[in-house]
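I'd like to ask some things about the structure below.
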Amino acid sequence: MITPLLNEDEIDFKGLERLVDHVVEGGVHGIFILGTTGESTSLPYPLRHRLVEETCNLVKKRIPILVGITDTAVSESLKLAQTAQYSGASALVAAPPYYFSLGQPELIEYYEYLADRLPLPLFLYNMPSHTKINIEPETVKKLSKHENIIGLKDSSGNTAYFNKLLFHMKDDPDFSLFVGPEEIMAETVLLGGHGGVNGGANMFPELYVELYNAAVAGDIEKVRELHNLVLNISAGLYSLGQFGSSYLKGLKCALSLMGICNDYMSSPLHKFKKEEKNRLALNLKEIQKKIQKNKTLKQHKPH
Amino acid sequence: MITPLLNEDEIDFKGLERLVDHVVEGGVHGIFILGTTGESTSLPYPLRHRLVEETCNLVKKRIPILVGITDTAVSESLKLAQTAQYSGASALVAAPPYYFSLGQPELIEYYEYLADRLPLPLFLYNMPSHTKINIEPETVKKLSKHENIIGLKDSSGNTAYFNKLLFHMKDDPDFSLFVGPEEIMAETVLLGGHGGVNGGANMFPELYVELYNAAVAGDIEKVRELHNLVLNISAGLYSLGQFGSSYLKGLKCALSLMGICNDYMSSPLHKFKKEEKNRLALNLKEIQKKIQKNKTLKQHKPH
Amino acid sequence: MITPLLNEDEIDFKGLERLVDHVVEGGVHGIFILGTTGESTSLPYPLRHRLVEETCNLVKKRIPILVGITDTAVSESLKLAQTAQYSGASALVAAPPYYFSLGQPELIEYYEYLADRLPLPLFLYNMPSHTKINIEPETVKKLSKHENIIGLKDSSGNTAYFNKLLFHMKDDPDFSLFVGPEEIMAETVLLGGHGGVNGGANMFPELYVELYNAAVAGDIEKVRELHNLVLNISAGLYSLGQFGSSYLKGLKCALSLMGICNDYMSSPLHKFKKEEKNRLALNLKEIQKKIQKNKTLKQHKPH
Amino acid sequence: MITPLLNEDEIDFKGLERLVDHVVEGGVHGIFILGTTGESTSLPYPLRHRLVEETCNLVKKRIPILVGITDTAVSESLKLAQTAQYSGASALVAAPPYYFSLGQPELIEYYEYLADRLPLPLFLYNMPSHTKINIEPETVKKLSKHENIIGLKDSSGNTAYFNKLLFHMKDDPDFSLFVGPEEIMAETVLLGGHGGVNGGANMFPELYVELYNAAVAGDIEKVRELHNLVLNISAGLYSLGQFGSSYLKGLKCALSLMGICNDYMSSPLHKFKKEEKNRLALNLKEIQKKIQKNKTLKQHKPH
C-alpha cells in the first residue's frame, strides 16, 4: 500500500480511509504498509508509527496487516514492531539494513538478532537494487529455521532466483514466498509461488485478486487475459518518468486522478508535473475502459 | 549447445557428433552454438570457424542452426557470420560488445552497423551480467524495425523485464523472444514467450521439448511436473562450485559422465576436480531416475 | 569520530569524554560526528541527538564540530540539524539519501530542498559505495552556488574524480574539498585538497595533523615518512576481517585496546571476536612503536 | 598509445609513423600499444598483429615497447605474445579475461597458466570498470612470485587501492606499479608509484615526462604547476561527450586536429561529430597556449 500524504509531515487521513476501504472491499487478502511503495524510508518516524495505528484502526481486523520495519537502526525497527503489535497488526517485514554493505554471515546474524526480539512473526524482504545485497537461497534456508521468520517477499524481479527459492524451500510449505513486481505475479503463482505483494492493487484490487485466483486454479486462459491487463498498467502508468522512481510516481498520480488520495510524494521523490500527469490521465482512462470491458472482472465487481 | 573440447585448441569431434545426434534426436527445434554456454569468447578464432562448419555438416539441415558471433571486434563478428552463411546456418546471435561500457544510443548504432553487413538474420542477445549493459525495451523496439534483426534471447533472468519486452513487441508477433535460464522457460512460454535456449537440453533434450510443448498447450499440470524436474537439475547439477561458472562446469561434467563428450573447459574456466565430480555423479543418477520414472517422458523416449 | 557505545541503546559517556579530549589535545582542526565511521545510520534517533549535545558540551567550542545528518527521511535530517544548531555545532554534513536510486536532477532537488531549510551551513558527502550514487562534478558545481552549501567530503577513494572536483571548483576557493580515506589524504592535500576527515585520527590525532601540515607545506620528505605510517595503520588495523566493515571494526577494537573507549558496535556490525582482537593487539603494538620512534612526532607529543 | 586507423580494417600507417616519432622524441620512457586507449579489443586480429610489427619497426629499439595481449581467449593472447616477441617488443600487458565473471582463485589460475607460456615478461592490468573484477592486493602479491610477472598497471582510479598495493609490495621494489589515469599520476609518483601510462602523452609527451620527473624529484612546486595543466587537458578534452568513451573520442579528435593522425574510431565507438569537434578545437588551442607559456616546458622543447 502507498502512504497517502498531505505534505512532508502529515498523513492524508481521508485519503487513507478511502484507500483502505477501496482495497479491502476489492478483496485483497492482506495489506502491507511501510514498504518501498509506502515510501517508508522517506517518512519521519512519528508519522510511521501513526500510520500503523491508523491503518489498523481503519482495517478493523477485516484482513491481516503486515508492517514494514526495514531500517538501518535495529532499535528503530524494534520500536516500530512494538507499535505494530499493540495496534493489532499480524506480521512484520524487514529488508536488510541498507547503508553498510554486509556479507551473508553478517546478514544472518542481523536477522537472527532482530527476530529474537520481535513480538510478531517476520517476513524477509529481498530488494537487492535498493539494499545492495541479495538474500541468497542458502541464507533463506538457514533463517527459515528461526521460529519467528515465516516467509519472504522477493522484489528482485529475478524469477530464476525465485524459482530456486521455491525449490529450496519445497519441504517447508508453511514458509511463504511472495513476489513484489506485479509483472511476474501470475507466472510465479502458476508454478508454486504463494502470492504477490503488488503496487497495482492500490488502484485495481479486484484485478490482482482475480489474477491470483486464476493462477492458483491453473486457469491459464484467464491468467493470460488478466496478466495482459497488468502489463498494460505497467506500460501505461509506471514508465512515464526518467528515473527508477517512475513506478511510484505513476502509481500515486493515478490514485489521485481516481479521487482516492493526494499524490504528494515525500522527499527525495517528487510527484509528476503537469505534463506527465496529463499523459498519465489519458493512459489511465484507456486502462479503465479495458478493465471494465473484461467480463470476468465485471461479474466480480458490482459496485 | 556446449562446445566439446579435447584441450585449449582442439574440438572433441567424436563428442560433437554424439552430442549433435543426441539433441537432434531428442527433438530440439534448433541449435545455438557459440553462445555463453558454448564458451565462445574463450575459444581461439580458427576453432570457432571450424566448429561452425563441422556442426553444420553434422546437423545436415535437420534443424536450424543459430551461430553466436558476439565479439568486441565487429570485423571478427562479420567474418564468423560469413562462415556461418556458407556453412548453411540459419541465423546469427550477438550480445553487445562487452569491453567498453556503452550507452543505449551507442548500442543502437553498433547493432545497426552490424546488421547492415550481415548475410543472415540476427537475434539480439541480452546478457547484462556479462556485458555490463541491458538492452532496454525501447532499444529493442527500435532495432526490431531493422529487416535483419528478427528476435532476442534474454539471459538476464529478470522476467519482469522479459514480460515488458513481450508487451512492447506484442504488435510484432514475428519478432521472436526467447529466454536463456531454463528455470524460467516454462512460465515465460505459458505467458507468451516464444521458447527457451536452455543449457540443460544438452543433457535431456526430450524433457525441455516436452516442457515447452506443455507450456504452449497451457497444460499446467504437466508444466508443473516437468518444471520441477528442471529445478532438480538446476539445484543438483549447476550449484556445486563456488563461482558464477558452476552452471557451465556442472553441465560439461554431467555430459562427460553420460558418455557424450569430454569435459575439458577452456581457460579461464576449469573443469571440476574429483570431489565435485563425485558429488555431481550421485546427483546425476538420482535425476536420471526421476526422469525415467516420469510417464510422459517415457512415452516420448523409446531409445 | 567513532561513536563510543555501551550497547545498542547507550552511549559510553566516559569513553566519549576521553576520546574527545584525546583528539582535541592531539590537535585536530575539527570533529565530524555521526558519519559512516560514527555508525550514524545504525544508531537509534534519541541517541543521535544525545550524542550531538554531549559532544558539543565536551568540546566546549575549542574546535568546530560538524554533525552528520544523512538520512533517507529529510524530516529527520532537519530535526537533527536543529539539535546541532542549538548545541553549538558549526556545520552539517549530508550524504545522498541511500534507499531509492536517484538521478542527478533528483539529487540536486533534494539537496536544494534540504539546504533551504538548514540553520547551519552544509557539506555534501560523496559516498557512492554506500549510497549507490556519485555526486557528479557538474552537480557539485551547481549546488556550490547555494549559499548554505560550503563544501564536500569525498569518500569514494577515487582520486581521479577528486582531482576533477578540485579543478572544477578552482575559481571558488572557499568551497572546501576534503577526502575521507586516510590512504589518500597526503597526496590530495599536496595537490590542492583542503584536508582529510580520517578515521585513524581517532587513535593518533598528532600523526594525521602532522601529515596534513607537511602536505600543506609541500615538505615531501616528511610527507613520505608519515604517509608510510598511515599505510602501516591501514594494513595492520583495518584489514583483519572478511567484509567491508573491517576498517570500522579494527578502529573500534584498537581504541578499546588503547583504553580510550568501549568497542561495542551497533547492529548490523559486530565487534571483533577474540582471535582477531589478539592479532590486532600485536599489530597495534608494533605500529605504536614505529610512531614513537618517529622524531617529528615525538617532539610534538610530550604526553 | 592510441591506434591510428583509416577505417574498420586498416591502420593509418603514416599517422602511426608521425605518432611514434612524436612521442619518442617527446621523451617518453616506453610505449604501451593495444591497451584500452589503443582500442585493442575492437580491432580485427590480423590488424593487431600488424600493429605490433609496424610499431616495433618504427620505434627501432629507441625505447621499450609493451604490448597488450588482453583477450577472453587465452590462445589468442599467446599468439599475440609470439608476434610481440619476434618483433622485438620488451614486455606484455594483460587485463583479466572480461566476459565471464571470475573469482580471485580463478584469476590466479588464469594468470599463472598464461605467464607459464609467455615468451616475454608480463604486467598485470587492473581495469575493473571494464573487466568486472578488481585484482585484489593479495592476488597481486601471490602473482608477483611468478618469475614472468613483473608489474601492474592500475586503471581503477582508486588511489586508496593503489597505495595499498604500493605498501603490500614495498619489499619487492623490482615489481613495477604504474597508474593509468593521468589525473593521478603526479601524486602517486610523489608517494612511491613507479610511473604513469597516460593517454595524454600521445598529444603532449614532454608535459607528462616533465611532470613525472618533477614528481620523482619531489619538486612539489613544479608538480603543482604541471599537474594543473594535466587537469586542464582532462577537463577540456576528455569530457565533451555523454558516455564513458568521451576520453578516448576526445584524445583521437585532438590528435587529428594536431595533424598527427586520423580520428577514425573502431566500432562500437565513433569519432566526434562536427559540433563536438569544434568545441574541442577551441579548448585545444587554449591548452596549447597554456603549455607554450610554461617556462619549464619551453626550455625542454626546442623544436
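As written, the chains take the letters A, B, C and D, and residue 1 is the first residue of each chain.
One rule holds for everything that comes next: a contact is a pair of C-beta atoms (placed from the backbone, for glycine too) under 8 Å apart; a residue touches a chain by one contact, two chains touch by 3 or more.
Please read these numbers as outputs of a predicted model, since none were measured by experiment.
A.B. asks: Suppose you hop from subunit A to any chain it touches, then on again the same way; how many hops at least until you reach subunit D?
C.D. replies: 2
A.B. asks: When the C-alpha atoms of subunit B and subunit D are each averaged to a single point, how far apart are the two points in Å?
C.D. replies: 37
A.B. asks: Return the distance between the CA-based centres of subunit B and subunit C, expressed in whole Å.
C.D. replies: Here subunit B and subunit C have centroids separated by 49 Å.
A.B. asks: Listing for subunit B: what residues touch at least two other chains?
C.D. replies: None at all.
A.B. asks: Draw the chains as points, connect those that touch, then say whether the picture is a line, ring, star, complete or other.
C.D. replies: Looks like a ring, each chain touching just two neighbours.
A.B. asks: Taking the touch rule as given, give the residues of subunit A at its contact with subunit C in the complex, in rising order.
C.D. replies: Its residues touching subunit C are 8-9, 36, 41-45, 47, 72-76, 79, 96-103, 106-107, 109-110, 113-114, 129-130, 132, 242-245, 266-270.
A.B. asks: Write out the stretch or stretches of subunit B touching subunit A in their complex.
C.D. replies: Going by the criterion above, the answer is residues 157-161, 163-164, 166-168, 181, 183-184, 186-188, 190-192, 218, 220-221, 223-224, 227-228, 231-232, 234-235.
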